[in-house]
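Next come two complexes, and both contain chain A; in the first it sits with chain B, in the second with chain C.
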Partner chain A sequence: MATELIRAVINGILGGGVYALMAVGLTLIFGVLDIINIAQGVMVVLGAYLSYALSVHLHIDLFVGLLITIPAMFLIGVTVQWAFIRPLRGSERTSMSLLASYAVAIVIEGFLYLAFGPNFVTLNASYVTQSVHLLGFYLPDIEIYGFAMAVALVAALYAILYRTRFGQSVRATMQDRTAAILVGIDVNRVSALTYGIGVAVTAAGGMIFGASGGGFNPNSGYDLISRLLALIILAGLGSIGGALVASVFMLTVESIVDIWQPTWSVAVFYAALVIVLMVKPTGLFGRQAVRAQ
Partner chain B sequence: MNAPAPGLPGSGLPASRLPASRRSAAAAIRAGTGARIGLVAVALIASALFPLVFTNQLVLSMAFFTLIYIAAAVAWNLFSGYCGYISLGHAVFFGSGAYAAGIAARDLQITGTAEFALLPLAGAVAALIAIPFGLIALRVRRHTFVVITIAIFFIFQLMAFDLKTTGGTAGLYAPFLVWGPVVFNQRFYYMALLLAAATVLIGWLVRRSRFGLQLRAIRDDEDRAASLGVRAMPVKLTAFVISATLTGLAGGLWFFFVGQVVPDSGFNPIFDLTVALMAFLGGLATVAGPLLGALIIEPAQQDLTSQFSNGYLSQILLGALFLAVVLFLPRGLIPTVGGQIQVWLARREPHLPAAGSGSNEPAADQQAQASGAVAEGTSL
Partner chain C sequence: MRSHRARFLSIGIASAVLTAMLAACSSGSSSSSSPPATKSPILIGASLSMSGDFSADGQAFLKGYELWVQDVNAAGGLLGRQVKLVWLPDDSQVTTVTNNYNKLISVDHVNLLFGPFSSTLTAPAEQVAARNGFAFIEGAGGSPAVFSSPANVADHNLFDVSLPIEDTLAPFAQYLASLPASQRPKTAAYPMADDIFGYPPVQVAQGIMSKAGITTVYSHIFPEEVPDYAPAADNVAAKHPDVVVLGSTDVPTVAAFMKAFQQQHFVPKYFACAAGPDQGTAFTSVVGVGNADGMMVPNGWYPGSTNPQSQTMVAEYIAKYGGTASGVNADVAEAYSVGEVAAQAITATNGTVNAKIMSYLHSGVTMSSVQGPVKFDSLGRNGDLTAYMFQWQNGKFVQVLPIGAAGTVKLLAPKPAWTSG
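The block that comes next holds the complex of A and B.
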């Protein structure tokens, strides 16, 4: 019993690191652009398929492939923002941006179906099947590497946000868009780059997601986005630290519940979300009043 | 919202007490109302005669699905369009209606045409689900509301998959109807027509009522509406429940027609998106907009699906169409086209008899009135 519990906690922390990476991208995009990027889930899957294509057809190692897929996803993100998010204006912008990103998700999903078909695939590499024996537990190598990379990338994001001039503009834009314009920040550029960065991290997240889970297909994006949305709302929209804490915490809770109730462990996510919002509509760490119109 | 121009129907001012210029504007509006009534009558007669003219069974079943989507899109718009809370969880009500009918038919061992007695149950179950759903979700706004509706949607889809009573991935079967294929499609067509017409009627009644005005006030500025005495929560919840009931009825009828419901078809995320797209394409918060949107999208989608053996291409096209609407028709067809027509009319007749002086100001006044008329004229 106790070993099962410890194992569940370790799994939750390892998985939580990867989710944190994807959730930070999503909450960053929300903070700067004031939109919820529904396409984030399918973009993770797209990132996974890019790694898949590189490793199957060109025999490029999954981690080396990231050097290609991360810039590729960044470009896709900037393009999507430029073409579909930037032109949205007016009072209906909130709902329109949701629908636009949902539509982007549908289109990408359709293309993935055309290219790869509906069958589940997994990413393969030597370290996907190997595992290390640590303190009496067998831990798959990929999850450890993935966790390490996720931590490194989140740390890099933090460094960019809090140690660079660009990061300062991003935070300024998150706090007050109008004031940011007034002090001379090019918010259009900041928006495009932020969207690009938020999408680029899905390349890394998608690779680990595709290698460590039980396989994925183009439809996997829905399950993923609903979890990610639950996480960032739970954390409080726009709170980066909150997204980290919520990801690790919820994934741990999920894998503990999974010991007794495998079918219902997913529901824990949504149930927790509903309960937290009934008590605190701003989310756990939300400074921004989400109730304000 | 623009303030309604005086002399418009429902403004309470008799046209005879208005200045001459406004009287002519009022006459134009009245002529518009007459044209609108004529249009509704023609549409009703045409849709009643439709199955007698088009006897192709494929066409009839397409027409049935279109009518179901009209009901669903108008019902969605009645809540989300009018009060501005975009719900991406209406499939919860559609699926619950279908599942409620299916579970009741199985457990009560209902066979044959007696199944239609279960339709009110489908609506009632959807309404009962909508009350706690609304009480939770309507506490938050904007993005958070949308995400909550998505989260609740996934909880329901998960329940349909994993509960014992829903039949898991195999789903549920509707009672078998011993109707020939022609009779089958015709009868279902007329039932769907009745539902769609009733939904549009309810949507219209709500739109022109005090309740509808309160909903739109909430959409424009909820806090200000509340400070003016609109009891926001009960108003929103009522609209949510009405919308859910109608969606549940559509789900029940759809289930009887299709004959089977599985978790992915009853609780389908594409359904949520499709009804929203229909409303956005036609014009959010208009009465006829979602109807028009459904009339365009559903037949097109059915046609695409039957032409391409895999549904992926039609999925891509649906998404692309959605993006095109969001980018190029953000206000929707009816407000955009209506606005264009009004502008065109105003340009063609720049010298309507003006009240008072012959200065250029009344012309500007006419323009303003015309645009006011646009706003009101788009309400149908």
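The block that comes next holds the complex of A and C.
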């Protein structure tokens, strides 16, 4: 039993890293723009497909390919924000953003079906199926890399937010959009760049998602988005580091329940969210805590 | 200025001429001496998944249906009438499939209905058909829950041309149980997707194997909607079972377990799945041809079948869609068989009256299809198909059970080690 519990914790930590990569962009976008990007799940799949195309057609390694897919997804994010999100105005902006981002998701999914068809594909590389043997446990290489990348990207985002002028502008916009405008911050530019960064991070999440699972097709994003939303709500909307902590926590809880009753793991996943919100409605690292930094 | 009488007279003459013209047209279309092109086509309605969880299977089903329509029309149609497939996309959603069949019946006025892909979608669709007095011929709804649905029990309108799924893994389980004690596997794991297609056959297999003394070391149903199966797969691998019988419904589930097993350096001696490895190149392109070796799956059909109808269909499929025989998805044969059975019923009853078709299909008649003989019991199960077990060996999909059956080759065991592709 102890062995199974340790394995579950390891699965939770490594799996949490994979989900953090996918959730960090979502919470960053909400923190700055106050919009919920329903297209995040499809963006993950888009990132996976971009890695797939580079790998299959140009034989570029999955990690090397990130040098191309991350900037590409950044440009896609900036374009989407400019075309679909920026025009939204008024008190209904947040709820309208749900519709707008859902429309974006449908469009991207349709494009992916046209380009790649409905059959499942997967990302392949030698390290995708290899693992490290440590203290009697096999730790998949791809998940170790995913966790390391999640930590690195969270650290990089923190560095951007707290060590750069742009980051200052982002934090100011998160704290008070109107005040940021009044002090001369170009909030449109900040919003566009932040959305772009949020989507760019998703490229990394998509690559790890595509490599670590059993296959994906254009429809795979819908299974993800409900879990990603739950994770960022648990973390506290807008909390980047919280997204990593919440992902590890939830995936560990799920893995532990999986030992005894896998059918309960999904229910426990969402029950844990409800319980935490009942105790701390703003999430583990709620927005007030973020804005106080 | 024309008088009122003249005006009414001209209107009356025009109406009479028009009526006569219409009468001539309608009598021409129903006359048996008219050329086939003037007869109204037989409309067959279907809901198919072009997106969503079943999109790959839905597309294969569409190919099967369209191939059959092409063949039937090339041979002159049915009863002198061309066949036209009217299909709607359902996004693999239950509510959409229900709406689709309502539309096909009430708006498109189809003559006959063909089933969608999967037991999950077949069950609600069949209820719509039953409410409207339609026969429901399908090829991918073989779960016990589909046959025992209240609508089918009341109206007996469901006809599944394929193998009922409950007993599909029984030949495999019986084979293991029949091995001498020294060769028989000692332990088995039974991970099952939470789906009405996923767990019934595995539970039947578990019953047979447990009675034969094969110890169960893992038996759990896992949620299918979770995009990450690694925890369940890792828990199975940790038990090191000799046999893994996976209650899968699609390729990603099987591929996820295979990947996790490879990462955990675990290779079961026998690895059988309820579904997934029968998807041809849709399976091998994801897991790799080398890793596919040894993977087993049950089915009532495979591309190498010596059935002449099947061989013709496979050749036509390759001519139309390309690829190789091993790459032909089993869904294509299931869909094609639906068409074949419908054609035989329409011809035998000399029309498209659904009540007559249902009576005919329940009459105990044995029909033929690319999958083999078709004979329905009172709940629409095809009990005449044999459950075969297939296995990937050196890139080929071959029949390995029942032992001694025509076309059976030696079962590859233990499963070869994982490869890099």
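FYI, the second predicted complex is superposed on the first by the 279 of 293 C-alpha atoms of A that agree within 3 Å, B and C clash if a C-alpha of one lies under 4 Å from a C-alpha of the other, contacts with A are read in each partner's own complex, and residues count from 1 in each chain.
By definition in this document, a residue touches a chain if its C-beta (ideal position, glycine included) is under 8 Å from a C-beta of that chain, and two chains touch if they have at least 3 such contacts.
The model shown is predicted, which means the values in this text are computed figures rather than measured ones.
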**OP:** Return fit or clash for chain B versus chain C, each positioned on chain A through the superposition.
**Re:** clash
**OP:** Would you sort A:Phe30 into first (chain B), second (chain C), both or neither based on which partner it touches?
**Re:** first
**OP:** Go through the superposed model and pick first if A:Ile208 touches only chain B, second if only chain C, both, or neither.
**Re:** neither
**OP:** Report for A:Phe216: first if it touches chain B alone, second if chain C alone, otherwise both or neither.
**Re:** second
Original post:
Looking at the overlay, what does A:Tyr113 touch: chain B (first), chain C (second), both, or neither?
Top reply: both
**OP:** In the overlay, answer first, second, both or neither for which of chain B and chain C A:Ala230 touches.
**Re:** first
Original post:
Can A:Val266 be said to touch chain B (first), chain C (second), both, or neither?
Top reply: both
**OP:** Classify the contacts of A:Pro140 with the two partner chains as first (chain B alone), second (chain C alone), both, or neither.
**Re:** second
**OP:** With chain C in view, single out which of the stretches 260-268, 278-286, 296-304 or 314-322 of chain B clashes with it after superposition.
**Re:** 260-268
**OP:** Could you pull out which residues of chain A sit against chain B in one structure and against chain C in the other?
**Re:** 109, 113, 223, 263, 266
**OP:** Please give the residue numbers of chain A that touch chain C in the complex, ascending.
**Re:** 3-4, 7-8, 11, 15, 109, 113, 117-122, 124, 126, 128-131, 133, 138, 140, 209, 212-220, 223-224, 227, 254-255, 258-259, 261-263, 265-266
Subject >> Touching residues on chain C, where the partner in the complex is chain A >> reply: 50-53, 55-56, 58-59, 92, 194, 220-223, 225-232, 234-235, 238, 250-259, 262-265, 282, 285-286, 288, 418, 420-421
Original post:
Given the complex with chain A, which residues does chain B contribute to the contact?
Top reply: 84, 86, 88, 136, 139-144, 146-148, 150-152, 154-155, 158, 162, 221-223, 269-270, 273, 276-277, 280, 284, 310, 312-313, 315-316, 318-320, 322-323, 326-327, 330
Subject >> Parts of chain A lying in touch with chain B, wherever the complex brings them together >> reply: 30, 35-36, 84, 87-90, 92, 94-96, 98-100, 102-107, 109-111, 113-114, 222-223, 226, 229-230, 233, 237, 263-264, 266-267, 269-271, 273-274, 277-278, 281, 290-293
